[in-house]
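Each of the next two complexes has chain A plus one more chain, namely chain B in the first and chain C in the second.
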Partner chain A sequence: MMAAILPVLLAVLATMVHAALLFALAPGLMGVVSKMRAWALGRRGAPVVQPYRQLYKLLRKTTLIPETATDAYPYWPLACFLSVSVAGLLIPSFVTGMVTAPLSDFITLIGLFALARAATMLGGLETGFSFGGAGAQREALFGVFAEGALLVTILTFALIAHATTVDGIAVAFRDGHIGISVSLAFALAATLAVALTETGRIPTDNPAGHLELAMVHEAMLLEYSGRYLLLFEYAAMLRLMVWMSLIGAVFLPFWMGRAGDVLSWPLGLALWVGKLGGMAVILPLFEISSAKMRVFRVPEFLGVAMLLGALAAVFLFVAERIGS
Partner chain B sequence: MFGLPGAGMQVRLDPLSVLFLVLLAPQMVAGALAGEARSPTYWLFALGMVLAVVAASAFTLIFGFELMSAASWLLVLKGDQKPATLYVGIAIFSAACLVPALFLPASSLAFVLIVLGAGAKAGLAPLHSWLPKAHPAPPAGVSALMSGGMIKVALSVIIREGFMTLSAAQQPWWGGVLIAAGVASVFIGALRAMLETEMKVLLACSTVEHAGLIAVGLGLALRAKAMGDANLTALGLEGALLCALAHALYKPLLFIGAGEVKHATGTASLDWLGGLMRSMPRLSGLMLLAASGMAALPLGPGFAPEFLILHAALAAAGTGGIVARIGFSALLAVLGLSAALALGAAVKLMGVGFLGRPRSLQAAAAEEPRGLALAGMALLGGLMVPLALVPAEILRLMAPVVRELAPNAGYAPLGYAPLPLLGLGLVVAVAAGFVLHRFGVRGTRAAPGWMCGFGQPPVWLPFGDPATQPTATGLAEPVARAIGRGVLPGGADPAELFVLAPLYRVHLKGVRLAEKLRRATIRERLAFIFSALVLFLLTLGLLGGG
Partner chain C sequence: MSLTFSLAHLMGGVILLAAFSLLSQRRLAAMITLYQVQALVLSAAAFWQGYAQGEANLYLTGLITLIIKALILPLSLREIVLRFNLMRAVETAMPVAVSMVLGVALIGVAVLVVLPTTPGNISLTREDLAIALSVVLLGLLMMTTRRGALAQIIGFLSTENGLVLAAIGMPGMPFVAEFSVALLVLLAFLVVGVFLFRIREHFDSLDLSGLEQIERRGR
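Coming up: the complex of A and B.
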């Protein structure tokens, strides 16, 4: 009896630890990225806890609702935050085999990211101000190419791992002897390009930009304030965390723990923190070494990602043909 | 009853026809409630669809199908004359393909004719360009039934013939034909829906996309069935049938809603609307639900079918020869692009039409529609809820249909479970609500918006200057610049340039020739008859001598 319940209990516990860490560390990760970026630029930068302070400040601010907004105004930040949170709960971080593992299908994740994008775009169009529309129209353009590129890239994972859930892919890549393949390198490049676009980093968008004309993600939030803005900002922090965990789980799943084996958790945890830290260093270095693109260069950037994703699959087909 | 002498009409109720009757019933009720209940032509149209779905003999099928075509032509004619001519031309073409195909023995020729005939009626590329013209023309209740019902009836003909009647001669490439036509429709439909600014035209373009999506699912299943892959057959069929069911609910709702908006404001052009969420909250809520289906968002009614079809495409890329596999990779890329375009179209529909500030006084003063139309929409919206939340149960109910179409098909379980996702979302929402309520400053205060720093609008513009708002055209501009202008030269559909325009030129030449023959002088006629006689005798002599 006990032996049957124990793995389930452990899986639930692992999921709860994962959820707690996800929600607690997301602002911290954003703080580390900002700090690294400031250092790389030769500035002192804001302290790492700045995002927490920012969120607390927004919590204590009065929420203003523009007079021209409709009744749906509060629901867009909520929808955006909830869909990113649910996506975060599905993607494994330090262990595989969480309770949410069977739900973590890659296509469901794409759907959840699309839902978050739709909610943000509708939030931008809500008040009827022109920068919101400008942000929404750019986001629509980026989304078209990002979704195509991501869907092609999934094909490579599905073919190599014979699974379409993130958990299944992580398990297959951790336990199987996949080795380094050209296909996975191409898939990694494609995924990174999509991740940079989805999280609104340079080269497609500048999270620290203050020029409204060049904004994409921030432009849609300009009319939001107080706790609704908090939800949007928290969702952006979670999104960065979610994408880093996703890349870590798919491309670097080595020594990730198993939910049923408590002893494997500490190594998995340490490794997860290490992965996040590593990415938090690489991301600002990449950002300061490249410039933000013009809006109409982004489709080319993501078009290359789509091509790489397709090439990854084609290489697999050719390799299989030669191998057999 | 009447019918062929000695044979009469033959109808049957097998799982497939029951599924399509279930799919047609709610939208017929909703269309009737939307103001078509007293129109005899509408009921003839509905009768034709029912007959075509339950037909057990070729004659009954053709009778029902043509009754549907003729009645819908009359209904389109009531709305607008110009698309009605194009529409009747397409209807004659599809009849000319279907009638011989139904009496041919099982062969590839019969299948190709069926796909041409029924595909033209279903709006599959490259014979789709009539659909965005004809579907928005009649009143909303009829548009709803045309988009939600008629294309399904046409697809049901493809399903019945392709999977059952002609299955003795099935070939893997039959599926390939359907996939190619389907993916072209998906892309063109989604792109045009993103670029259109008229609500009903936008919805009609989105119908082309969904017809294509169903065809892709059917094509994947047909190819897998011919190759003996039981699992993939089930996956493709489940996706296609569920997509047909979901589309039969949200598209009629959207069309009826668009009609009611037009009734209330005098226009269905998004650039003259805005802020309808304020004046028509109930209608807007239902439209938002349906638009989430159109955009295939998770927890909406449209996600499960899209999920199944994408999984079928993923699975198909692991089978077959290398060229086919590369083709399936491209198929996935195009499906991904189109899904995001469809999302953009739905966001544009809701964001520009229903959110923001009113762009005209009519939009500001709009009132909720009549109770009956709203009841019809609520019926469709209510039926979407089970589809959105328990798609796996509905798939289980549809299992007999899949088994009827492909007796050896397995049962592909659905890897998408909306209820646990909803539960996770609720847990996070409750936690977030607690934190915000416990630690945050409560309450909200209305304040003038920042509005990008534009000054106070003059008093005669109580909702601000509409020119300072994003428009539907503007929202689509980046997509138009990056993709649209390359694929749709000059805004025209490629099918119009490469299919309809050459056909029109051939038609013109034929008419001129006929006119020339009619006006021939007596000498030319005599010379023609004489040379024909000489030719005839010469042939006879040469053949007889040989």
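Coming up: the complex of A and C.
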């Protein structure tokens, strides 16, 4: 009796630990990225805990609702935050085989990210304010191409791992002898381009930008204040964490723990923190060494990502025909 | 799949990736940097193949690639850009998006051509050959879609990188061929450099459409 229940209990426990760490560390990760960026630029930078303080400050501020807004105004931040949170719960971080593993289908994740994007866009359009509309328009333009590129890239993962869930892909890449292949290198490049666009980092959008004309993500949030803004900002921090975990789980799943085996958790945890830390160093270095693109160059950038995804699948067929 | 082949393929893939991003670049400085990266990976691939095949010749190929293509050529290309005060942006003959779609189509052609024509060969050199042929075709495509002389030179050099990639992937390729190819490129580069001077003297620009006009008038 006990032996049958124990794995389920462990899976539940792993999921809870995962959820707790995800929600607790997301602002910290954003803080580390900002700090690294400041250091790389030769500045001192805000302390790492600054995002926590920011969220706490927003929690205490009065929440204002513009007169022109409709009744749906308060629901968009909630919808955005909830869909990103669900996506975060699905993606494995330090162990595979969590309770949510069977649901972590890549197509579901794309849908959740699209839902969050749609909620943000509608929130931006809510007050009829022109910058919000411009931001929403750009976000829609980027979204079409980013989703397309990710969909094409999934084909490669599915063909190699024979699974479309993130969990299944991580397990297949961890346990199977996949080796290094051209296809995965192309898929990595495509995924990174999509991740940079989705999280609004520098080649496509500037998270620290304060020029309304160049804003994309921030432009949609200009009319939000107080707790609603908190939800949007927290969602943005979570999104960064979620994408880093996703890339870590798919491309660097080595020594990730198993939910049923408690002894493998510490190594998995240490590795996960290491992966996040590594990416938090690489991302700012990449950001300061490249310039933000013009808005109409971004579809081209994502078009390249889509073509790379297609190439990854093509070369997979070349190799498979040869290998068999 | 053994580590030898997967690493070789990965490096081939990175070279192809560099050729592909060369096609999508619009700035000369970035193109030269990408070419340099491509040549660096190529020399690493040559060293790796030399180690894997146990051929000392390939180390020499790697060294030549490293010194001539990864250091001397990019440096002198940058020098040309500086000295001629060239336009930093590259003029293209067709939209970049179209040329990238064409590029993917060419890679497809390369794969389709290589696979059926090499049934008896050692199975794993085939993928290498497909990648090398794609790099060659992409370089040719770049030479046709760019207007500026310097961008065309970079396309030519990228084509040549594809040839060397094919050569180092084949066990038993005589070293002489590669040596001559490397020298040929240097020679061609010098010739083109002199040509650039002449073109510049006559037309005050490196835009080749001026040449075409004269050709038309002459007929």
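By our rule, the second predicted complex is superposed on the first by the 323 of 324 C-alpha atoms of A that agree within 3 Å, B and C clash if a C-alpha of one lies under 4 Å from a C-alpha of the other, contacts with A are read in each partner's own complex, and residues count from 1 in each chain.
Here is the rule we use: a residue touches a chain if its C-beta (ideal position, glycine included) is under 8 Å from a C-beta of that chain, and two chains touch if they have at least 3 such contacts.
Predicted, not measured: the structure shown is a model, and the values here were computed from it.
> Given the touch rule stated above, what does A:Thr62 touch, chain B (first), chain C (second), both, or neither?
After superposing on A, A:Thr62 lies in contact with chain B but is clear of chain C.
> Which holds for A:Leu6: it touches chain B only (first), chain C only (second), both, or neither?
neither
> Tell me which partner A:Val318 touches in the superposition: chain B (first), chain C (second), both or neither.
In the superposition, A:Val318 touches chain B and chain C alike.
> When the two structures are overlaid on chain A, which partner does A:Val304 contact: first (chain B), second (chain C), both, or neither?
It touches chain C, and chain B stays clear.
> Between chain B (first) and chain C (second), which, if any, makes contact with A:Thr100: first, second, both or neither?
first
> State whether A:Leu231 touches chain B only (first), chain C only (second), both chains, or neither.
first
> Using the superposition described at the top, determine whether chain B or chain C touches more residues of chain A.
Chain A has more residues touched by B than by the other partner.
> Where on chain A do the contacts with chain B and the contacts with chain C coincide?
Of chain A, residues 310, 314, 318, 321 contact chain B in one complex and chain C in the other.
> Hey, which residues of chain A end up touching chain B in the complex?
59-72, 78, 81-83, 85-86, 89, 100, 102-103, 105, 107-108, 110-112, 114-115, 117-118, 121-122, 124-134, 136-138, 140-141, 143-152, 154-155, 158-159, 164-165, 212, 222-223, 226-227, 230-231, 295-296, 299, 306, 309-310, 313-314, 317-318, 321
> Looking at the complex, which residues from chain C come into contact with chain A?
By the definition above, chain C touches chain A via 1, 3, 6-7, 9-10, 12-14, 16-17, 20-21, 24, 96-97, 100-101, 103-104, 107-108, 111, 115, 123-124, 126-127, 130-131.
> What does chain B use to touch chain A in their complex?
Residues in contact with chain A: 194, 274-275, 277-278, 281, 288, 295-299, 303, 306-307, 310-311, 314, 317-318, 322, 325-326, 329-330, 332-337, 339-341, 343-344, 346-348, 350-352, 354-357, 415-417, 420-421, 424-425, 428-429, 432, 435-436, 439-441, 443-452, 463-464, 468-471, 474-479, 481-483.
> Which positions of chain A touch chain C when the two form their complex?
Residues in contact with chain C: 179-182, 185-186, 189, 300, 303-304, 307-308, 310-311, 314-315, 318-319, 321-323.
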